[in-house]
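Before I ask anything, let me first share the structure, which is written out below as structure tokens.
When the chains are written out, they are named A, B and C in that same order, and each has its own residue count from 1.
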Amino acid sequence: MTCILETRSLNKEFGAVIAAKDLNVQINKGEVVGVIGSNGAGKTTFINMVTGYLKPTRGEILFNGKSIMGHSPRAITRAGMARSFQVAQLFPEMTVLDNLIVALAAAESARPSFLSPLRSDARIARAEEILKEFGVDNYRDSLVTAVPQGARKLVDIAMALIGNPQMLLLDEPTSGVSVDEKTDLMDTVMNAVRQHGVTVLFVEHDMDVVERYVSRVLAFYSGEIIADGEPAAVLADQQVRDLVTGHRPTTKQGNGAS
Amino acid sequence: MRLDKTEISLGLIALACVLFGFVSPGWLIFLLTIALAKALVVQGVVMQMRSGLVSFGQGLFYCIGGYTVGMGGQFFGIHDAIAALSLGMFVAIVVAMLLGLLLTRYREIFFAMLSLAFSMILFGILVKSQELGSTDGFNVHDWTLFGWAPEAGAGSQHTVFTMTVVSGLIVAVLIHRYTKAGIGVICEAVRENEVRVEYLGLSPRWLLYGNYVAAAAVSALGGGLTALATGHVDPEMAYWTTSGEFVFIALLGGLGHVAAPFIAAIVFSFVRTYAIEFVPHTWQMILGFTLLAVIIFLPKGLWSLVSREKTGERA
Amino acid sequence: MTSLLAVLIDGSIYASWLFLVAAGLTVIYGVMRILNMAHGSFYAIGAYSAASLVGWYFNNGMGPAWVSYLLLVGAALVAGLIVGVIVERGLLRLMYGRDEILMVIITYALLLILEDGMKIVWGVSPYFAYQPYSELGRTSLGLLKVSNYDVALVGVSALLGLGLWAWLERTNQGKVLRAVIHDREIAVAMGVNVKLMFTITFVLGTTLGALAGALTAPAISVVPGIGIEVIVLAFAVVVIGGLGSIGGAAVGALLVGLSRAAAVHYAPEFELFVIYGVMSLVLAFRPEGLFGRTLARKI
């Protein structure tokens, strides 16, 4: 297996607060990795560093074996690492279809054209295709502000996926979505992701969701990774149970701490 | 080149304007010329508003366009109108390419203030330039069009009018395509969510830069045509209140349609002509109250009155 | 040597005037996040009120000259208070929470309204109130003659700056205000009456603007349009110093004042250029101004 993303002793300090401490992570191509940890454990900081939004204080980040330290988010996106957001980041005054068309055009060229129309038939067809794949084609012509929360999250992820990234980072894909909808949403997302053959890392609070989809779990606590391995092993780990999941019985509880 | 419905309508309206020019009285021709030329400057303001930036210094490019036409004729023997207008746009593009490097780092009020400052710098330089007539400015040399010299007065006025209508048509069609093209739509995307644009792998700065330079060229064309029409340029063109007027017209029209700035500029010019004549000391007050009313009741500008039915359907 | 001294003196006088003009603008922005384009009009209203009152006082040959100084200040306080309350309660209160850039446009509309409002109240012919200025005489410094009124202005400006600083840093009300500046939401949660603080701040800002105008009135002829000239200078000063910072406004005023004085003496053709040149230069290297703070967006 080849390593797609690697971080070497990644550190981030905000003044006296240590948000990331010696993070050493290796993600292999094709893996689906879940990231767990309580609020403020450093999960989003990790994603923000890897995607270039935050500059690490120290350390090294390699994507496909090449350093991406200090690269801008757009350079990292173009290199093939896309992300979604805790709060869906969309273009609120555009329709769902237009959101995806913009994403598609952006993926096609870093220099958008000055005079040829953005909404070409080919782009519309491709956008419709991915909307169907995500099951949100019924919102095609709605403004995103008029679309329910769950569908917004799906559009957000679809925008990241339409550019055919090699790796996708999902920051709490199910946050803000009701408990009943979570499984449906994740099923849709994971099906789409598998079809595209993308490596996935996602942050999630709900342990049931994590167990259901991932092949590997990273547990964060106070800026450090305290456990890394197969879901069953990590979730059974005493330290993880003490610090992250709480003493949660292994039976279903269906309650997402968010 | 296939034309869509909007483009054909624009063409027909422009043709009607040109024909109207043959029968209309001189004062009306002049008023319309100035209004349409200003509308071009306003198009530049609107282009930036679409990307989320409000320029309180578009007078800079209006003034550059005007002064280049004036100086070209006075000092460098460029008497051909098309050449002079093109030169004005070229100078504006060069200046915008330099200033854009700095300005595209700023948003919101910082962009507004810095664009205002650059415009005031030009004002400051012109006011102190004795050779350029200081605060009085100077007159524009008689000009020719492809070697043909229109007769002074009515003849030249009529020619400028036709040129302005034709330029307006060309710019309107180009902007109409531009707003539907990649850069146009994605500039709106930058306004709505810059972080997302960055995470789609695009540089918001590059987009805003391209947009800024294009807007500068359009505004300079408006400035050049104004200089040809009035036969005079002065530093007031770069003063911040002039830029404020462009912002006003832009808001009055709204961002809904490429025709909106033209309509707003014509309405503005008519109201001003009569207001200055009949209520000279309350003209600005009328503007102020109108602006507040537009912001409160018609946040999408005058055009929203025209397109109300359409948007109503969608909502 | 003499010209260097002249630059320093002219520069300080100009700087203290700039600070007077800019202080109200920066206070309002700091607390309310409103970049007030109409600030120049408050300046002009102060100048008109003071000039008409002082002119009336002397034209009717009443009493001693020292009363005129009280009239200057009194006119500014009353005018600033009235206009400030009307504008804040009547217009701005309806607009709070809108985009910063939209607030710029709204106050631009206000500027247009006030400019003509002044023409309606005071007409378009100039007003003079030179007596308080000439009354104080001049002092000779070597070859230079300096107006005592201008020197006094430096003192007033410095006192005012110190007063503002002390009020913000040393009083309870100042503390509350700083809390509002720092984080409006938390201030509301802590039970601060933000609405009241806004009214107080805005009225303070307009009064400062009017005071600047009133104190300038004896040195100029008060005509329509003086506010429009002043506002862009004030912008330059506060943007250089960092929007919302009193200390920043003081430094910005000194920087602009001294550069302009130097330009006037050594290269007069650059007089106006230099002010905006300094502003562009500062912003190129420190976009948030010399003493401003940057805010990062959370995603």
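In the analysis below, contacts are C-beta pairs under 8 Å (C-beta built on N, C-alpha and C of every residue); 3 or more make two chains touch, one makes a residue touch a chain.
Note that the coordinates shown come from a computational prediction; the quantities given were computed from them, not determined experimentally.
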If I average the CA coordinates per chain, which chain comes out farthest from chain B? A
Chain ID, smallest distance between chain and overall C-alpha centroids: B
Note: chain B sits from chain A at a C-alpha centroid distance in Å of 44
Please work out the Cα centroid separation of chain A and chain C, and write it as a whole number of Å. 50
Can you give the whole-Å distance between the Cα centres of chain B and chain C? 33
Note: chain C residues in touch with at least two other chains are 299
Identify all positions of chain A at which a residue touches two or more other chains, and write them in rising order. 89
Taking each residue of chain B in turn, which ones touch at least two of the other chains? 195
Residue numbers of chain B touching chain C in their complex, please. 54, 56, 102, 105-106, 108-110, 112-114, 116-118, 120-121, 123-125, 127-129, 195, 240-241, 244, 247, 251, 281-285, 287-289, 291-292, 295
Contact residues on chain B for chain A in the complex? 174, 177-178, 180-186, 188-189, 192-193, 195-203, 206-207, 210, 214
Per the contact definition, I'd like the list of chain C residues that touch chain B in the complex. 35, 91, 99-102, 104-106, 108-117, 119-120, 124, 228, 232, 235-236, 239, 243, 268-273, 275-277, 279-280, 283-284, 287, 297, 299
Residues of chain A defined as touching chain B within the complex: 51, 72-75, 77-78, 82-83, 89-94, 98, 101-103, 105-107, 109-119, 159-160, 163
